[in-house]
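Next come two complexes built around chain A: one with chain B, the other with chain C.
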Partner chain A sequence: MTTWRQRIHPEQLREVSLVVLIAAALLIFGWQIENFLSARTFNRIAASVAIVGMVAIGQTLVVLTRNIDLSVGSIVGFTAYFVGSQLAANNAMGAPAAVALAAAVGGAMGLVNGLIVAYGRVPAIITTLGTLAIYRMLLINYANARTVTVDSLPAWVVELSRQTLFSIGDFAVRPLMVATLAAVVVFQFVLGYTIFGRRLYAIGSNPDAARFAGLPAQRMVLTAFTLCGMLAGLAGFLFLARFGTITAVAGQGIELESVAAVVVGGVNTFGGSGTVLGALLGAFLIDLLGQGLLRWLGISEFWRGALLGLLILLAVASDAVILGWLRRLWRGGAEVDHDR
Partner chain B sequence: MIANLRRLIGWEGFLFVVLILVMIVNTGRAPAYLSLSNQINLFQLSIEKIIVALVMTFVIVNGEIDLSVASVMGLAACLIAVLFESGVPMPLAILAALIAGVCCGAFNGLWVAYVGLPSLAVTLAGMIGYRGVARILIEDRSIGGFPSWFTALGQQPLLGPFPLSLILFATLFVLALVILQFSGVGRLIYVIGNNAAVARYSGIDTPRLKLGVFVASGLIAAMAGVLLAARLGAVRGNTAEGFELDIITMVLLGGVSIFGGVGNLVGVGLAILVVLNLRNGMSLLNVTGNVQTGVIGMLLILSVLLPNLTQMARERLQRRTAQRKEVQIETETPVSS
Partner chain C sequence: MHGAPVLEMRDISRRFGNTQALDRVSLRLYPGEIHALLGENGAGKSTLIKIMTGVHQPDSGQILLDGRPVHIGSTLEAQRLGIAAIYQEPLMYPDLNVAENIFITHANRGLWVDWRRMYRDAENILSQLDVRLDVRQPARGLSVAAQQTVEIARALSLQVRMLIMDEPTAALSAHEVDQLFAIVQRLRDQGVSILFISHRLEEVFRIADRITILRDGQLISSAPRAEVTPERAIRDMAGRAIEQLFPRRDTVRERVLVQVRNLGRSGVFSGISFDVREGEVLGFAGLVGARRTDVGLALFGIAPADSGTITIDGRTVQITKPAQAMRHGIAYVSEDRRSLGLSLPMSIAANITLPTLHRYLTPIGLLRRRAEASAAEEYRRRLSIRAPSVEVEVSRLSGGNQQKVMLSKWLNTKPRLLILDEPTRGIDVGAKAEVHQMIDDLAAEGIAIILISSDLPEVLAMSDRVLVMREGRQAGVFSRREATQERILAAAMGQPETLASQVTEPSAQR
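Let's turn to the complex of A and B:
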């Protein structure tokens, strides 16, 4: 009777419920909207989820440790512009060098965040609210009102977002999405099965206990922020590949989209639970609902913000309510409820 | 307690010294800096933000955060503009905007206080959602052409050389100071911020007070949005976007702890003066807006980092002296035995 309860934890049902929600949304939209379940819709969603999803992976790592990184949008913008201008100046630069450059620049910015948070003991929200402004300032000064244009970039960069690796029916699988999926697989494994990953959860669920157990909490937080910066840097490269034209405002607002994806994806803002797969599904669900609802209700693009806000609130609320209910159910079945 | 008090005075003293330094440098750069008109102008340019910073102090001392204030400001401004455009009399439009602010604040507060959701997540949703509602209302237009008395209220002096917004700020500052620092409600806000569980067990109606703080935050933010619409004379969908950074910076720079329960309005008042004078000084030096924002961002980080670093250094020093004492005792023991 209680065996299935012991084997499955309420927290693990999150991804399942997200998949169910996505399936339901697909069914409803497919039934109500003509031509919704087409390759075009899929490709459009995949292209934008690739970028937000990459950032959301890093955001998950940081949120798991009970922190938050609001500077990722500025990091995406800075790396997109910086790598773009380097590529424009030196068309011979190859793909590996460009990707490494993006990861290094982003990683350095993440490292600064991590040092201030972990070793300077400044709350993450203060630190990254500050670096959000500082990194953007660096970008605006560096860009100096110039723009990276598609024509100045080597052809292979722009090709990345159009190329089809292989296609399943009409659904084209593009390199950008593959990169993000690969990163999700890697970090899903890292979080689930490596010492680093398990320690990250330990720190988030109880920082004091983790410290008393001798975990190097400061170093772990520093690593989480650095990885988050690197992933944001990679997302910056994807951003460059997707849009080609980069101005100083590039990537603005991605910090909120990534936090939204993470929260909808079931990563607890108090740390300690959630997965990168959930965050990716969250990003996918948000984009799917955004595209679908706008077309279904026949409303304009201006409704997007209001819907997104409502969605985040509903996700957080239902997460808290349902999880509390499930936990009670689990406890109630397994043993006497000690709380009452 | 006394040590705490001394640290607070120390922080305010530090802000005061910084303020004097900034003022001296500014005066040296531009003689017109100290003139009454420049000083009023300096307040006038950020008056809406500093009004909201007052109520943000309540929210953060209470142990919460409200990221949605800038969106509420934008929503109030857009609501006024759209209502005015459709022929609603201005006073009614203002009332509607203020009510909308109360509703936004109550909405945030209900989720935080009664459902128990983290305010960071709730007000993040509010920040996106309320801005979204503003965009639904105004789309991509810019609405202006308000009645002249309305824009005059935002731009012209009302009493002597002082405009309405400045008088409002001064009144609200005194009011907020009395409520937070000298009233029973103020003490309760500190108690909740320090330890919400203890507050609840000692019979304080924590949820109601939290809800009240969020409603006040929404109302004041909406009022600031109305003032902003009057001062700018035209409203767009992105009016007041990003203001939350400056507002939160002023509060935290004033020595208010992001974890709640610590800080006071005197510090916040000084921090407001520092930020305003710094921005004004940088403008006099032709420093562009985004660099100013970057400098404020650095200030935000440093305002927490520097005290932390000095405290860490002090702790390390104490530990070292303690170790030295232990070593001495150890070497003394054999002699005594």
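Let's turn to the complex of A and C:
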């Protein structure tokens, strides 16, 4: 009678409820807005979710360890500009080299964050708020008021965002989205089936117990930040491919969007639970709501930030209230606390 | 000798869950009296204090102040009635100066701080205590003794009539203890009544006018000091009811597994020496604050020792990290399972395999969840963990079952030396019996066990030998035959004359 309760954790219900919410939003917007359910809307959402989703994977790894990375927006901007200008200077550079460069630059920036947080014992929120500003400054200095333009880039870069690998009906499946989906699959697997993933959850859910179990907590946090930087670097490359034109303000605000995706996606801000799939669904729902509400209510782009903020607060509040309620329901079905 | 009591507790009872913490305890405190309260761990001392200071409410019974019944609903009310308490660790605001710390609780001194008056008043109070301390100095950096003085001054500034001192001497040097006692005696002469709690019998007999002894939540005796001897005090404290003696089998083997010599960690403990044989249960007894857990943490590398040697299988080893300890076959089951032991949102299986994940890998380095689940399943059967499946989150289990998950986790490391720190604290009687059965079984398998427990009857029932600690030092090692509640308590409270059979070198007999 209680078998389904035993199989599904309240946390997993989060992903199911996200899918339900997404379906509901699609229905409502499709009914209210003319031409909303079109290939065009889907492609727009897919292109922007590809970038935020890639960052959100890294953010998930960091948040799982009870930390946060606010510098990802600047890392995305810096790598987009840096790789763009290298490609502009050397049109012969191939795709593998460009991707590797993006990952390396982002990884190095993440490594710095990780070293300061894990070994310098500076709170992550302070550290990455600092590097958010510092990495942006590096970009402004490096760019020196110049812009990477579409024309200066090799043709294959810009093609990445237009190319259609295959289509399902009118929906075009493009390389950017495929890259992010591939990363989600890889990290979903890493979190579920590797020692690294298991330890990441353990450290986040109870750092002291992890220490007693002999886990190298500092090294794990360092790795999480480095991976987060690398993924932000890859997102920077996707950003370059999508827009082609890169200025010194590229990627601003992605830190907030990635945190929102992670939180709405059900990753616990106190660490220890959540999945990258949830984060991707979170990113998708947020973008869908953004696109839909903007068109439905005719509100301006500037409301987008406020919408993000509202969604973060709603997600955290519902986390506390709904999850607490679900857990009580579950506990009632499983075993009752005997002592105390 | 003093007329009417300041405070009278009449038939106070208080229950926490299954534990009767206090059972119709009565106590009278007279003005100008130093009244010592003695008792073993869990005798009910702290509950009694907490009722006096309004932290807990009694289930039944009456509290009378100057003969009139009062209700003490909060610490603030207790303060208003003139009851204050100071503890082993003083409560200080390190960035505020001495005078500010003294007057911190005075909310109604008007909108503006009259600094000059505050400094003058602070100096007056300190001179009443005959203490020289710069009132403008920040509290940070003051010695524990000086901080306690500030706390006493704080109590005095509130016109205290009754001062409760809970182990105030535990962190003080002998000289500082003398100074504190001088202050306490001065307070007594001013008519303040003092309730003094200490684990040092010698101090109690030096300063107390009256000695009251609690055991298992009941009042055992209360008499003027002149009528009490240390031997009688220990006898009254011991003699706890032993519910059911667990019948241990004789499982001790010949082979000495671990030899510890003069182990120490500066400022924490020192001079700890013992042997543990395979299949032997070595109990660690002592009162709260004896630093038994710290020895366990040192052996496990959480807070490594900085002097002495640890020898395992005849080889001297360095243990500075838990991972090293685990490599040497040491496992430590912590007393605090919620904060140190378990990852509550994770499944039973994931918790059990956490320290041993490398055993469940496929050739390409992926986790074999089936293998993890079946390993966990084995422990679920063996320790009868009551849960529908091993995929259930640990947060959904009862305390006793969580304790078993924790044991499983460490048993799965296949330890040779298992350190159990308060393995039965806070779990119900049934689960407790199961844990005892398991200790016996593990010892029979040849695992050496260090059992740290504040439950004296448990230590006596389960241990082949008992090491008693007192304030970070080894106070004696007793064989199963020699160990009695009285002897262990005497050693734990530092009464050398009653230690007829103290063994300084770890005994090799049996």
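In this text, the second predicted complex is superposed on the first by the 335 of 340 C-alpha atoms of A that agree within 3 Å, B and C clash if a C-alpha of one lies under 4 Å from a C-alpha of the other, contacts with A are read in each partner's own complex, and residues count from 1 in each chain.
Rule of thumb we're sticking to: contacts are C-beta pairs under 8 Å (C-beta built on N, C-alpha and C of every residue); 3 or more make two chains touch, one makes a residue touch a chain.
Source: prediction; values computed, not measured.
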First, second, both or neither for A:N141, with chain B first and chain C second: first
Partner chain in contact with A:D208 - chain B first, chain C second, else both or neither: second
Contacts of A:R121 with chain B and chain C, given as first, second, both or neither: first
Partner chain(s) touched by A:L132 [first = chain B, second = chain C, both, neither]: first
Contacts of A:R198 with chain B and chain C, given as first, second, both or neither: second
Which of chain B and chain C A:G84 touches, first, second, both or neither: neither
Touching partner for A:G305 - first (chain B), second (chain C), both, neither: first
Complex contacts: residues of chain A adjacent to chain C: 2, 6-7, 9, 11, 192-195, 198-199, 201-202, 205-206, 208-216, 268, 272-273, 327, 330-331, 334-340
Sites on chain A touched by chain B in the complex: 68, 116, 120-123, 125-127, 129-134, 136-138, 140-141, 256, 259-260, 263, 269-270, 300, 302-310, 312-313, 316-317, 320-321
Footprint of chain A on chain C - complex, ascending: 17-18, 300, 302, 321-323, 325-326, 332, 334, 339-346, 350, 354-355, 357-358, 361, 365-367, 369, 386-389, 391-393, 395-401, 409, 426-428, 431
Residues of chain B defined as touching chain A within the complex: 65, 111, 115-118, 120-122, 124-133, 135-136, 139-140, 237, 245, 248-249, 252, 258-259, 288, 290-291, 293-294, 296-298, 300-301, 304-305, 308-309, 312
